[in-house]
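The following block contains the structure, expressed as structure tokens.
Chain nomenclature is as follows: A, B, C, D, E and F, assigned in order of appearance, with residue numbering initiated at 1 for each chain independently.
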Amino acid sequence: MFRHTKNLQFEAKPEKPDPVFAHKLQELIGGAYGELSVTWQYLFQGWNCRIEGKYKDLILDTAAEEIGHVEMLATMVARLLEGAPATEVAEAVKDPVTAAVLGGMDPQQAIVGGGGALPADSNGDPWNGKYIVASGNLLADFRANAAAEAQGRLQTARLYNMTDDPGVKEMLKFILARDTVHQKQWLRAIEELRADGLEDEVAPSALFDEENQEHNSTIWHLSDGADGPKGGWTRDLEYLMEPQALGGPATAPPPDPALFSTFAPAASAAEPELAEGDVQTFYSERDGKWKNQVEGRKRASSTSDTKAEAQQAGRELAKNRGVTHVVRKKDGEIAETHDYS
Amino acid sequence: MFRHTKNLQFEAKPEKPDPVFAHKLQELIGGAYGELSVTWQYLFQGWNCRIEGKYKDLILDTAAEEIGHVEMLATMVARLLEGAPATEVAEAVKDPVTAAVLGGMDPQQAIVGGGGALPADSNGDPWNGKYIVASGNLLADFRANAAAEAQGRLQTARLYNMTDDPGVKEMLKFILARDTVHQKQWLRAIEELRADGLEDEVAPSALFDEENQEHNSTIWHLSDGADGPKGGWTRDLEYLMEPQALGGPATAPPPDPALFSTFAPAASAAEPELAEGDVQTFYSERDGKWKNQVEGRKRASSTSDTKAEAQQAGRELAKNRGVTHVVRKKDGEIAETHDYS
Amino acid sequence: MFRHTKNLQFEAKPEKPDPVFAHKLQELIGGAYGELSVTWQYLFQGWNCRIEGKYKDLILDTAAEEIGHVEMLATMVARLLEGAPATEVAEAVKDPVTAAVLGGMDPQQAIVGGGGALPADSNGDPWNGKYIVASGNLLADFRANAAAEAQGRLQTARLYNMTDDPGVKEMLKFILARDTVHQKQWLRAIEELRADGLEDEVAPSALFDEENQEHNSTIWHLSDGADGPKGGWTRDLEYLMEPQALGGPATAPPPDPALFSTFAPAASAAEPELAEGDVQTFYSERDGKWKNQVEGRKRASSTSDTKAEAQQAGRELAKNRGVTHVVRKKDGEIAETHDYS
Amino acid sequence: MFRHTKNLQFEAKPEKPDPVFAHKLQELIGGAYGELSVTWQYLFQGWNCRIEGKYKDLILDTAAEEIGHVEMLATMVARLLEGAPATEVAEAVKDPVTAAVLGGMDPQQAIVGGGGALPADSNGDPWNGKYIVASGNLLADFRANAAAEAQGRLQTARLYNMTDDPGVKEMLKFILARDTVHQKQWLRAIEELRADGLEDEVAPSALFDEENQEHNSTIWHLSDGADGPKGGWTRDLEYLMEPQALGGPATAPPPDPALFSTFAPAASAAEPELAEGDVQTFYSERDGKWKNQVEGRKRASSTSDTKAEAQQAGRELAKNRGVTHVVRKKDGEIAETHDYS
Amino acid sequence: MFRHTKNLQFEAKPEKPDPVFAHKLQELIGGAYGELSVTWQYLFQGWNCRIEGKYKDLILDTAAEEIGHVEMLATMVARLLEGAPATEVAEAVKDPVTAAVLGGMDPQQAIVGGGGALPADSNGDPWNGKYIVASGNLLADFRANAAAEAQGRLQTARLYNMTDDPGVKEMLKFILARDTVHQKQWLRAIEELRADGLEDEVAPSALFDEENQEHNSTIWHLSDGADGPKGGWTRDLEYLMEPQALGGPATAPPPDPALFSTFAPAASAAEPELAEGDVQTFYSERDGKWKNQVEGRKRASSTSDTKAEAQQAGRELAKNRGVTHVVRKKDGEIAETHDYS
Amino acid sequence: MFRHTKNLQFEAKPEKPDPVFAHKLQELIGGAYGELSVTWQYLFQGWNCRIEGKYKDLILDTAAEEIGHVEMLATMVARLLEGAPATEVAEAVKDPVTAAVLGGMDPQQAIVGGGGALPADSNGDPWNGKYIVASGNLLADFRANAAAEAQGRLQTARLYNMTDDPGVKEMLKFILARDTVHQKQWLRAIEELRADGLEDEVAPSALFDEENQEHNSTIWHLSDGADGPKGGWTRDLEYLMEPQALGGPATAPPPDPALFSTFAPAASAAEPELAEGDVQTFYSERDGKWKNQVEGRKRASSTSDTKAEAQQAGRELAKNRGVTHVVRKKDGEIAETHDYS
């Protein structure tokens, strides 16, 4: 259960409004590495954690903090938008500053949010649940957490360089600091997992015996840059300089005729030649019916559920036309031939 | 530029078809941590890498390999779907095995893909570009890469336990091995970045002096589990056991009247009382117009652009009605009162 | 700022696992009307609320509760998945119950979540930020809140009928009750807005004078059912039984030639006829260049930046071919004609 | 398996940076008809192709080329962004050119990509897997390919007109040329499918006999423009000038009571009138239970699983109240009436 | 079945083009509360309505009107884009007006739409089917309809204030009026549902007896604002000022070992100490196999399917190493100990 | 403007319910090539068409028909879901048929739609606006239309083979027929565009002269299949059997230091060696400040805005430490060296 205090974790007061920066700041709210992402990533990891104790508590302490980060940022956005020229008409713009402001605003912050923040990123794309990971494997997830905090701190640092406002910078300095703590704590927690014997270097710490032993220590050289093998990684891992494909051709099996994928059975080449106008009775794999077709026409003359019916119809047709009637078996082989010419 | 050989990097031949597993295997193709993700993550990182040499070459060697992994998986899916009962009608199902198969198939692999793989995950959600990260900061990105390979190996390991097919297991063993190599190589590359003095532990390796020094080493205890401070992470980081909000209340500024957010200026409480039926002329902040309103009615009787026009109309209305006419200043204060009763 | 207690708002203990229901229950977590939606809808509304006091406090009290609802549901899902046959192979299924379970499970809860809940709905589609509304207009938003709680209670009621488990039913009864409270409170808050004179029946309570007065009280009869006018709504609103389109034809203006939309200027019909083989020099609106074309050919023979160059080239061509040379003005009118036959 | 050479298929060097064009160029990378789309469309079609030989080889030759097109474009974007004023503050803008540049930049290319390309379109929407088609039916897919190359060339042509940079134009000329080749090759491949007897004009080339013969050659005139029948298409197809609906009304069946859709069984109108205060015992279709209700109250007084229990409870209630007790059958008909007044 | 007349429901003629406003107007076409949303919301509600008559007819009358609203807006957008400087190069901009226009345009309206409207919102995000609701419960759906029309009218009102163009304002006045009608009609229809006894105040009107009676009338005070209880809503609902969590801790059950979630069974703490180098034979829950491990090493020395095989291998290993061999039962308890030192 | 008749274009009555097929049929409603897609594709193309007359009328006639197709399918889905076992508990399943049905149902059709259709596809993914194309170029769009109808007919044909229900098959036969007509009409309209001289074979019919002439007729052989050149397409197009990359290396320019991408200026290698403990004053490109650093430490000792300040601080530090003080120029070159040891 959660409780809320209306005081912010840290102050979020800009010196003056700046609607263009309010637009960019959306990235830290609803971007792939924004605060909504770490909020849910840590909440779901905490709820899904299978070991009670220090790991779970660390995760949930951090999760609770992140909700408050969204709050700081949303408050900052509303304040940066105060008095924004949302309803200014482009044709009336008199100076380059206003022109830059009008061009750089987020239309939805005004039209949809009424001058407030949105759960979206700096291009207006909504936050979505696929941004987070909570796999139950703590090593895999702590790696993802350290990575998320790294991207978060990087984006915060970039935004820090995109504003001059002392109030905004003050809040971003706080967020930078928190992202530093959080990066460190997840890296320490990874060490702790190893110290506790719960996980090893590679996640998950299982199936090493089962995995392919021949290919678990080679880097395949598949791009022509020659410097890959100069890296320190070759202490543990070997560079395979002229790798060859190990598998056979990537072929797909014959299709299900009921799905109408284009296909030409090789056997079709071997079909006996009929004279133009002759009638043949045959089984169609496409729809599982028996059909009669006049040689040279595209479509069947008749279709039946049973061979008997089809054969009867074919015979009559051939007689009427005064041509040869060829009757095939289900597998296509010729069973009978009657000449009614 | 890229070249393709039709031979697979590793063999992808199931012993027999298994359409339910073909459904699940989609996760490794188009899931958030599937092979499409690492393909584009590494390609964009490689193209966006600002240092020529060993790092860039390692990234692009790996990128080229990952395209081939999509190929192996897509081929495997098509083969697992051979002869799938895609067109079987539920009402005709005679045994539990077929029931389980029918219930567990992906309808789109048949209807849309004609019995082939889709660029989607195991719930049919399409792969999208927000799954990847290529920030230009190699430390942040290598962390993300190690995390992605950890999730990838974890999911592969789970899928490994969901099949008995020796051919499928053989291919998954190869993928497990490659995910082991790739996890290791990105971790080694992180060490190399530090050895080369390019990045440090925390990403980005800048702004440490600027970040808030008071709050860059404390973990805030905001969830009631008591075990957080027992972790090894307290060697570097301090647990703040009773943290208090540092900011003021999270308030939003007065809204732009042109955006119609609900708002009650405090001054409105001080409005003088008029008798039912009296007329007042006043300025409306909502639309920037002058209006007349009969006390007790919901809507304005008239609206004007100038105070003069409005006052004139109000006067006439009050005279006609034989009531008092109150005229306000723009800020709401009463300017004049005339009694026409 | 937010604080978390690890005790659930209400107990979430199933009597026994049920992975199929765990799949369906995702709808209440990450569906369009699930608890993630009301969590963020209320948080953003609270942060964006422009009046301090009772409305804002009510919104934020409710917001804080909803985060705890996600927690209850996520915990319930993990418990419903305990011992789920996630790795059972379809081919080994021996009874209809297991067949139904295997067919009805969410593959991602196992492969991605490791047996835990996901921020997604019952079809695996991730929650996204477009599900919420926080417009700053309290009437519009409270309507949306009442509607969201109505859909939420409806879906909970449906899920209540999809399980026999007493523990699950107990939790759903609690959620049903909370959805009842929340529906009522938003409806009461709408009444309060009117009582306080902040908003009226229709949102936003402005622009009534400006809106089209002729068309703000008629229902247009555009579908052939005859019973629409029998409803009580005709007390306030008039049914327009044979409505006619009020506007002119929906035409689009001539396109920008630089964007290559297909277009045939009407004037082209009036072009003078040239004999097959004649040469004309003309200005092309498509690319803003001067061209020469031999009558009857599809493409230009030459293209120039200036008329002078083009005319020179056209003349030579016509001379060589022994035909007539027609030179047009920029607007297409014929300027000169020379016969070199 | 794939191999990569770091040389670009064609040069991608702008004369000078242009961050606004870098924003627009994203459309060719991650738009619905961008190079990521054709890359995966052709790769999946190739892997899913059921005929070895010329068609499959053509598809895969083209697929391999398209990955290289993404590379050219991503490289071009990074170069166009060199020195972009990403961190310039709007308030400091001094001239219209910078104002236009600031307003027209993509914030994510800086904040997320660090000055590089994104797998997204010119509005920042991420590429997704639903953009592609690989159905297994070659006619349907080659049509889609020709269409995709047409849209691709069209967008390239539009972008060609949005830049003056000779280096950019040079690269776009190459892409225009490649889109011309690819359009032609897919159109030729469609002819080849017919020549080979694999597919016909309409995809899929099956079920013609089964499809509704009466309605497979008429165009329904359902919009009031009168010129439709003047097109050449009436050589094969007939215009049905006054089409009438062939089906009955679009009604939905009675709902499942367990899903709580609003419903009023027609029979309810025929219910006998009870006096205010009388008690009736009846079966509720909504929840499949037996209930007692006092006439005039909204809710049931009691609910039971069996009729016997309910009838007993109703009898006692009626006796206590001194009123009439009406007992109904399951279908609503009155079974018994007892007067306890 | 639907018929179309090419005349617009209301005129859509701007006085002059305004590409920036064309960008913003997209919100009313493809935004979450745009006309595509109400079109499909009403169509699906109508088709899914289970009662023939007045409700269904009202829904479908309105649905048919909304398609025509999309048409008006799309036509308006195309006309606002006439002559837009889509191909102007930023570097050539000479005045602030053009700078503001260039910065504020939607690149996709030109590149993708060729100067026409898109089925997307004002940030270019495409309309999607999750925006609508059609639940079959008319009360829940009419609430959603009234809410949608409120947001729609609010956004239209905001856009009305963002333009000076008399032709655009005229069309928006019409839309404002229609949104007023539609809000009213859905509110009236809600009253009608109650009058007809079909639904009550809370949706769905069922399960009141089953829902948790203790918690269906209290508002939980979980945010520290003190004004919540001052609202009129406390007439019906009680404020619970110091609410306590009712459930136990939010724990997750032990994970499925086959899914590799991190887990430490409590029993592991009780493991007997072995000397460095000793061999133990034990059963691994992780993969269901029997293993031998040399104390102090990370990985197993051997893995077997049966205990017998493993014990045999362990014995030989211990003998070779001259150490103690410990054999455990499946549950971890020590079964045998042999010292081969 | 649009009008609606409640009669269906064609009957949509299944013989009996089939909830599994109702799930699959969603593909034709809300899939990428479902009826919602063609509805909006044709509506937007019609509204965006720049030539009045036969083309526009044909497009809008077809558009109006497609809305009615959604109606038929939505009605069919509701009828197929009548009596669906939506609330059946998996544990109670007694036979394989029910097991297959339960496993194959769409949970959202019940939970969200109350037993009705959704604007989503057969995997529950919502329809979105990026599925359609309306570019203004009729050739490009008619190609897309023919392709869309081909995929639509293909998917309908596949679904036709997935049901035995005569009523469903009857409706699908009608849709097959309409898809045949629509494919033909768009192909005829493409011929008409050429006959009218509006567009040519390749779209757009412009810029042929400008496009790269050397590369507009060659197919690049980049995949190792040898059969590509055997196709008929080589009549017009040449196969380039050993294509070489034409561009230079795909390098990215030096990054903006304010964005913190990892970068090592080549010059850094040439830095003079200082003894451990020495002090140097230098300009940092990372943040544009002057700094002092003690050799061997990671972070700067002090940071100043001006060189003067920094030099002063460095001097004092060196004096205090009794070491050498090196002062560099802005470009890194050594300007002064003072030894205070």
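Note that a residue touches a chain if its C-beta (ideal position, glycine included) is under 8 Å from a C-beta of that chain, and two chains touch if they have at least 3 such contacts.
These numbers were taken from a predicted model, which means no experiment stands behind them.
Comparing mean CA positions across the assembly, the chain most remote from chain F is E.
With respect to chain A, maximal separation of chain centres occurs for C (centres as means of Cα atoms). For the pair chain C and chain E, the fraction of shared interface numbers is greater than half, so the two copies use mostly the same residues to meet. Overlaying the C-alpha trace of chain A on that of chain D calls for a turn of 120°, given as a multiple of 5.
If you average the CA atoms of chain C and of chain F, the two centres end up 17 Å from each other. Taking the mean of the C-alpha atoms as each chain's centre, chain D and chain F sit 12 Å apart. The multi-chain contact residues of chain B, meaning those touching 2 or more other chains, are 1-9, 32, 47-48, 52, 60, 63-65, 68, 71, 74-75, 78, 86-87, 96, 99-100, 102-104, 110, 112, 114-116, 120, 123-126, 128, 130, 133, 135-137, 139, 154, 157-158, 161, 204, 206-208, 222-223, 225, 245, 250-255, 258-261. Arrangement of the chains shown, judged by which pairs touch: all-to-all, with no pair of chains left without contact. Residue ranges on chain D touching chain B, taken from their complex, read 1-9, 30, 36, 40, 43-44, 47-48, 60, 63-65, 67-68, 70-71, 74-75, 78, 112-120, 126-130, 132-137.
In the complex of the two chains, the chain D residues touching chain C come out as 154, 157-158, 161, 258-260. For chain F in complex with chain C, the residues that touch the partner chain are 1-6, 47-52, 86-87, 89-96, 98-100, 102-104, 106-108, 110-112, 114, 120, 123-126, 135-139, 193, 196, 198-200, 204, 206-209. Residues of chain A that touch chain D in their complex: 18, 20-21, 23-24, 27, 31-32, 96-97, 99-104, 121-125, 154-155, 158-159, 161-164, 222-225, 245, 250-255, 259-264, 286-287, 298-300, 303. Taken together, the chain C residues at the contact with chain E in this complex read 5-13, 32-33, 46, 52-58, 60-65, 68, 71-72, 74-75, 78-79, 82-84, 86-87, 110, 114-116, 125, 128, 130-131, 133, 135, 137, 139-140, 143-144, 146-147, 150-151, 153-154, 157, 160, 173-174, 176-181, 183-185, 187-189, 191-192, 195, 201-204, 206-208, 210-223, 225-228, 230-233, 235-237, 245-256, 258-261.
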